[in-house]
Amino acid sequence: MDVAEVAELLAQVRRSSPLVQCITNYVAMDLAANAVLAVGASPAMVADPAESGEFAAIASALTVNTGTPSPRWADGMVRATTAAVEAGRPWVLDPVAVGATAMRDELCAELMARTPSIVRANASEVLALARVTGASSTAEAGGGARGVDSTDSVESALDAAQALARRHSCVVAVTGEVDVVTDGTRVATVTGGHPLMARITATGCSLTAVTGAFAAVAPAFEAAVAACAVYAAAGSRAGCDAAGPGTLRWRLLDELHRLDESALRDGAQVVSS
Amino acid sequence: MDVAEVAELLAQVRRSSPLVQCITNYVAMDLAANAVLAVGASPAMVADPAESGEFAAIASALTVNTGTPSPRWADGMVRATTAAVEAGRPWVLDPVAVGATAMRDELCAELMARTPSIVRANASEVLALARVTGASSTAEAGGGARGVDSTDSVESALDAAQALARRHSCVVAVTGEVDVVTDGTRVATVTGGHPLMARITATGCSLTAVTGAFAAVAPAFEAAVAACAVYAAAGSRAGCDAAGPGTLRWRLLDELHRLDESALRDGAQVVSS
Amino acid sequence: MDVAEVAELLAQVRRSSPLVQCITNYVAMDLAANAVLAVGASPAMVADPAESGEFAAIASALTVNTGTPSPRWADGMVRATTAAVEAGRPWVLDPVAVGATAMRDELCAELMARTPSIVRANASEVLALARVTGASSTAEAGGGARGVDSTDSVESALDAAQALARRHSCVVAVTGEVDVVTDGTRVATVTGGHPLMARITATGCSLTAVTGAFAAVAPAFEAAVAACAVYAAAGSRAGCDAAGPGTLRWRLLDELHRLDESALRDGAQVVSS
């Protein structure tokens, strides 16, 4: 997996404009939908259980984010993921703040049982998810979220990510200052981005939605690496000389929209092992 | 209807600052409220059935958008539209993704039975709405939505728009690269805008909210044409030299805020027939 | 309370990055979360009754905004405020559009019974809240909201603010062109800001969320004054030469992020009495 392959997958997203169903939180809806549009795909935010399963059968990919859960939305997530799996469609889980409340732990365990193609999370969430699903022991997985922000380093979550990936036969993307993607065997590292990205909300959530767009056109491991690389490059360019997080936010969409192979090379590095 | 009349209606919105109740989807709330504010009106996002009907009786206009429906919100929409009709207030329907799921079809049919003053939709939605409400036969209305984005041209939906307008005694605004507004007899065409407008979410949803502001100060046909013209002009100016969709989004609000007659002439053409 | 003290509290927020649980409306979620991040704190939008009380026990402060209420969210607000009070954590109430519907009146009365540390509201809301909770008589508190925007001047609400503060042993911040903060005895006035701030949605709601961040590190009166001063300074600088409300919105986040004591002095004045 190198930058040229990422550029080719981005071109495929733009050519085929896959329909991506996004069940995400109230805070991230706007940025997530705009990010999916900016990379050239078509977002549809269909969450209610009265239609989420029906819609999952016609979408090319599904993404599920637990940022602002409720029992009704949890039901919508379960129906959508069940329908996506039945239809053979890829789906991406973003287990926001798993570990912080009992409802999130139960919901994420239930969703993991439906085998996501990709889990996209920060380090603390990966550690908590591994604990909640029994992929790693409590002793191994220390750490712990503090609200929705990670307090653990990406490196410290690598073992848990690999354990999760192996136990659930999925790809895990741990994102932060450096992003690490693993399927339990292969490991790819993506660097780039900008420190200001941690000062706007929904950066991770919108990356999850964009990961869904790539999952519609590529195998899970390649899709996750490509989405991380696209975000790292766009974020790095958007953050350059930015006066603050307000500027970064709209520039991120501009850069996602106009990213080409040269800009990708300029803003992101991908190392596979 | 010409640009001078549009400018006069915009001045009226700014002078009277009508209170516009907007029931819209989770994705569009922010842009819709800001667009209503930018043209000089006062938005209120009151959706829950526990208060939506009570509030509709005090608002100057109501807009209803089915982008992220649930049974509870559907109930809120029904109560609000019922109260608006009883109070003699104009209301605008935006039937997002009608045709995509059974819930949307049923909800939109129920709302159409409460006779909106204006329907604002893309071409695929107009075709689906005409089919769902029996205004045109299945044979006539081919087309079909793909998620929330239109896959049909505005021209292909003109017959369905006129059939809808006649059967429901309402005005239909079909928006896209060109906007067509009809009351079943008269037809007005609005051109302008910018291709990047299709790369940000909620452009159509926020136009619906702004249409509500105009419906509070003008008859339905004139209100729909004026709102389309204002959006076409602001979008055209906002898109000029924009680096991408992120830039377009905030510039659209700036342009809506400072639009005057000369800027209207510069960015939009209105042709009535 | 002077600008140097405000700068010191801002530095404390940045150093300790308190976890602020925000229950806010669908429109304001994005700007509120980003404003909390921009001042250096960590927002968590946890609202559902299935977890809001559990989470309030681990957050450093809680803010509750009634902008888009429903019975379920009202339950979430009641559980969260109850838990915050039990845990001895500060909480801030933003009674959006109290006075406009019966549900809002009942909800705000129920929340006031849980003694917020700070009420942050516009003048019409303060007048209505004083009426609803019996802090001032109907005769005194004329005024009245029109939707979510104030139709009363800050000065006209000062008596009601002091009556509210005394009766409920809380601090009341009445914001508008000028902000007035009172604990029933002391009164501080904050000037600054920019007229365009009234032309974007969620300015007040996001100020409420930021007030929560300050309440986590300072007593209620000082926290409310500091939050108002920070917003006045950032808004004043963001509005300078802004082409419109779109520009103001992202610049506000940039300015919140990079505000220092000199910028505070430049954009806000604080007068205590």
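When the chains are written out, they are named A, B and C in that same order, and each has its own residue count from 1.
In the analysis below, contacts are C-beta pairs under 8 Å (C-beta built on N, C-alpha and C of every residue); 3 or more make two chains touch, one makes a residue touch a chain.
On a predicted model such as this, the values are computed, not experimentally measured, just so you know.
*Asks:* Superimpose the Cα atoms of subunit A on the matching ones in subunit C and note the rotation angle, 0 to 180, in steps of 5 degrees.
*Replies:* 120
*Asks:* Please tell me whether the contact surfaces of subunit A and subunit B are same or different in residue numbering, using the over-half criterion.
*Replies:* On the two sides of the subunit B and subunit A interface, the residue numbers are mostly different, under half being shared.
*Asks:* So how far apart, in whole Å, are subunit A and subunit B when each is placed at the average of its C-alpha atoms?
*Replies:* Whole-Å distance between the two chain centres: 33.
*Asks:* Could you list the positions in subunit C whose residues touch two or more of the other chains?
*Replies:* Counting only residues that touch two or more other chains, subunit C contributes 26, 30, 249-250.
*Asks:* Of all residues in subunit C, which touch subunit A in the complex?
*Replies:* Residues in contact with subunit A: 19, 21, 26, 29-30, 33-34, 37-38, 42-48, 50-51, 54-55, 58-59, 72, 249-258.
*Asks:* Name, in rising order, each residue of subunit C that touches subunit B in their complex.
*Replies:* Counting only subunit C, the residues touching subunit B are 25-27, 30-31, 67-71, 97, 100-104, 146-149, 199-202, 242-247, 249-250.
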